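Shared between the two complexes below is chain A, which has chain B as its partner in the first and chain C in the second.
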Partner chain A sequence: MKHKFANVYLILVFLILYAPIIFLIAYSFSQGETMTNFHGFTWRHYQTLFSDSRMLAIVANTLLVALLSALIATLIGTLGALSITRTTKRVTRESLLALNNVLMVSPDVIIGASFLIFFTMLKIPLGFGTVLMSHIAFEIPIVVLMVLPRLREMSASLLDAAQDLGATTRQLLTQVIIPFISPGIFAGFFMALTYSLDDFAVTFFVTGNGFSTLSVEIYSRARQGINLEINALSGVMFLFSLLLVGGYYWIQQASHKRRQRKREVAS
Partner chain B sequence: MKRLISLIISLLAICGLLAFSSHQLQASSGSTGSKVLNLYNWGDYIDPHLLTKFQQETGYHVNVETFDSNEAMYTKINQGGTHYDLAIPSEYMVAKMKRAHLLQPLDHHRLTGLHNYDQQFLHQSFDPHNRYSLPYFWGTLGIIYNDKFIQPGTIRHWNDLWSVKYRDKIMLIDSARDIMGMALVSQGQSMNTTNPTTLRAAEQKLTRLAPNVKATVADEIKMYMTQNEAPLAVDWSGEAAEMLANNSHLHYVVPSEGSNLWIDNLVIPKTAQHYNAIYAFLNFMSEPQNAAQNAEYVGYATPNRAAKALLPAADRHDQQFYPPAATLRRLEVYRDLSPAKVELYNDLYLEFKMHH
Partner chain C sequence: MTKRRTWTYFLPYGLWLALFVIAPVALIVYQSFFDLGHHFTFSNYSTYFQSATYLKMTANSVWYAFLITLFTGLISYPTAYFIHQLKHRQFWLLLVILPTWINILLKAYAFIGIFSQAGLANQFLTFIGIGPQQILFTNASFIFVATYIQIPFMILPIYNALDDLNPAFVNASRDLGASNWQTFRHVIFPLTLPGVKAGVQAVFIPSLSLFMLTRLIGGNKVITLGTAIEEHFLTTMNWGMGSTIGVVLIIAMIIVMLLTGDQKSKGGTPR
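Let's turn to the complex of A and B:
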């Protein structure tokens, strides 16, 4: 009985979470022009989307910025987390962490505006470079926060044991620490990726000279009312995130199996 | 570790692929050449076919970048670092940009389509001799009613909204200047009044409207009205056009005693670089045929008199969106008020909102 209730609750929660997305995607197949009534099935909005080369270029730009910035931020953030845990002085460590967290909680608008002032002061033309740099900057704290817990979980004796067995510093990093914290690194990468994909406030300030991302483009259509081409785009993006999550799951499974196989061979 | 590195490499490969395809897509639409025009526009506020036509006729490729509010656009242009050749601010923002020296004067000798515009929309208070701006689209503030609940013809004036019949039936657009302005006009005052006593009186009058107000909302008003949630609403004509398109029971009325006239304008910001392209574009958009095509796509009223003549008769004679000349004369453009006065408007409006 208790179990049944838990299942119903679970299904209800997922339904509420997914209903708006399904609603949105369903209307991308509607023959009408707006989301008020469903007028029968059509692929028309997908055709307009795929013939709109400006929109497709924006999609490509958005994905490019998201992947590249997440990759670089993951590299920098992981190194940052490593150095934070290596800091022995408690005051320094805590203040480093606090500085990292301040960036996490400060409003995007303020970060965006300060980037705009910063870049224009340095006479850096706005565009791909500025968007990429600012995305990397606001993603680093997220990666640090995702990697730190894994590093803290790692026991010091593991490192001592590795050193006793003759591991060099390099080996220690590549064969002990990184494999251990890799779930944290992956989580950080995916968090950074999603933050980059849906950021509007910061991106708005630093786009320019013909470079734009999806969130900026969609927001700016609000005054005219959003047409169903955007619904079609949401459908495509949703499919993309499904594939992404699927890919992540597949990687995890594959590595899990490999590890198990290794263990079997060893025993 | 090996796996991590191979992952990084494959990610970089995907990035390279994306960069290449983005470049290809932009090249296929010709934006990488030197003959370009950078247009800073509201989202979806120009017919994309016109941009293709413009490129075919003149060879200039239009890069469109978009903004979602006048203030956001102002910040981007003011800060520099961008190269916008043309922008489309609303009238009060034209005044503000002019004061901040963000605009460059238009060279009237290079404009070939000026005579196509209706005099009504030229020489406005925000730019007396159109030294800096050309009107792009215009609209009004008015009342939307649903004929399922309200007999057509019963709503003609602002004062009709105060009737006890409409208890809890009206939705207002959440905008201090517009709602205060509505109360002012209903008392025969100017929408640009700065007299504190007159403004207080308007606030008093608004308070009497409070029992009739169902909600004060922003963009959602469109959705509520389309779904027959309320019989009456006060909103802008652009929003009204969209509601009417989705629900045939809705109608739009501009009260004959007066209302607001808003105008979006083409201006040349100080960041402009491609002057030949700018004038080619301004002249292209002034051509009646193109302006008419754009008006049909966007659905707003065009200030181009010659273009209006080319619109389908049903649009041209639609008094909801092209009000009769007598009403048109009584429409007022918002003047750019001093910060202290703007604050007074906002404070009084806030008082009204708290009452209700």
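Let's turn to the complex of A and C:
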């Protein structure tokens, strides 16, 4: 009896979780102009989307900002995680971690508003540059948080062994540490990528005129009402996020298996 | 030599900490002491604490964030609990996470369609005999959509807490003759409370600052702290007052974090 209730409850929750997404994508194939009655199948809205040069330029911008910012944030974040683990004083480490998490817990509006003040004071013109810098800034802490656990798993004897065998600092980093923490680095990169693609509020504050990302564009179009081209866009983006999630879990799975295999070899 | 190397490695991260973590927070506090004419003043704070409009807006924002957190919690706890009992729980958990990867604006946009005059929700209401209602641009629709968006961020930490729970405690409680309800009330719930707290932290603070939902779904009837900040910064250009509200939001955030204890958040962060 209780079992049945649990199942019904879960079915209801998942129905609510997925209904809007399915609804959105279903209407991207409707011949009508609104999301009210389904009027028969068509690819028309996808054709409009793929011939909308403004939208395509914005998609390119969004992907460029996401990839570039994720790459730079991964680099800086990994270096940050390395320096955090090298600190010897407990107080220093704790305060570095606390500072690292400030941007993780701050509301988006605060991040956006404070960055806007910051860029305006430095007289940096708003646009691609400021959006890129802001994205790098809010992606760094998640990279640090993804890399740190891997660094903690690394045993000190591994580093000692490498140094005893005559490895230089550089060799130690590129041939021992980086390969060991690479799953963390990849996870950090993927998280940074999704943070960038998902962000609306921060970008909205620092974007100025002339430069736009997908979230900002969807916001301004949605304020004007229903346009099934956005539905087509969400169809494409849903597919893209499925690929990203798939890629992320594949990498996690692969590194997990590799670790297991190593453990089997070791034992 | 090695010491200097280490320093250069730390440099980019240190620069980031100084420029994008410490400086912006300092700047928003600094800006809150300036009026429209760039004069140093305390007037923003005195205006804020003397104006009924601002205080009412803040109280409203906190009240709505509380409601959203409450509903999210009431829906999420049983969901996390039931998922935890399933066979392929990792798969179902993945299905909970998947919607968070879809752009939040697209989800809001979907609800504009569902809640519209002739939309799915009204068709359903007509079908069960109530007849079409104005759903979009009401406070209820705002709470509904905000809850919808936040649910996964509450399920994850609660699920993790349930996963950390040692089943021996539950078995011991049953062996000692506790009923299912007693076991839940005195063993399972208290032990998974850290997860609930982490979830509250992950939901309550963003709920105070949601601003595009108040526009797109709430029709500007609900003004949250986030909406007020956005309006002062981007519409009326009164950055001083906007920063003052920002400082209030930061203080609210610190209070929430202190109240929910220093739990390591185990879920993702909502965006």
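Criterion: the second predicted complex is superposed on the first by the 215 of 267 C-alpha atoms of A that agree within 3 Å, B and C clash if a C-alpha of one lies under 4 Å from a C-alpha of the other, contacts with A are read in each partner's own complex, and residues count from 1 in each chain.
Going forward, a contact is a pair of C-beta atoms (placed from the backbone, for glycine too) under 8 Å apart; a residue touches a chain by one contact, two chains touch by 3 or more.
If you're wondering where the values come from, they're calculated on a predicted model, not measured in any experiment.
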Touching partner for A:15 - first (chain B), second (chain C), both, neither: neither
Contacts of A:205 with chain B and chain C, given as first, second, both or neither: both
First (chain B), second (chain C), both or neither touched by A:219: both
Which superposed partner A:158 touches (first chain B, second chain C, both, neither): neither
Contacts of A:104 with chain B and chain C, given as first, second, both or neither: second
Chain B versus chain C as contact partner of A:26, first or second or both or neither: neither
Partner chain in contact with A:237 - chain B first, chain C second, else both or neither: second
In the superposition, chain B vs chain C on chain A residues touched: C
Touched partner set for A:117, first chain B, second chain C, both or neither: both
First (chain B), second (chain C), both or neither touched by A:179: first
Residues of chain A that lie at the interface with chain B and also at the interface with chain C: 34, 36, 113, 116-117, 204-205, 218-219, 222-223, 225
Chain A to chain C touching residues, read off their complex: 6-7, 9-10, 13-14, 16-21, 23-24, 27, 34-37, 75-77, 79-80, 82-83, 86, 96, 99-100, 102-111, 113-118, 121, 133, 136-137, 140, 169, 194-195, 197-201, 204-205, 214-215, 218-219, 222-223, 225-226, 230, 233-234, 237-238, 241-242, 244-245, 249
Touching residues (chain side chain B, partner chain A) in the complex: 1, 3-4, 7-8, 11-12, 14-15, 18-19, 21-22, 25-26, 28-29, 31, 38, 42-45, 48, 63-68, 72, 75-76, 79-83, 219, 222, 226-227, 238, 242, 245-247, 298
For the chain C and chain A complex, residues of the former touching the latter: 2, 5-6, 9-10, 12-14, 16-17, 19-25, 27-28, 31, 75, 78-79, 82-83, 85-86, 92, 94-99, 101-114, 116, 118-120, 148, 151-152, 201, 205-206, 208-209, 211-212, 215-216, 225-226, 229-230, 233-234, 239, 242-243, 246, 249-250, 253, 257, 265, 269, 271
Chain A - residues contacting chain B, complex: 33-34, 36, 52-54, 56-57, 60-61, 63-64, 67-68, 71, 113, 116-117, 119-120, 123-126, 130, 174-175, 178-179, 182, 185, 204-205, 207-210, 212, 216-225, 227, 251, 255
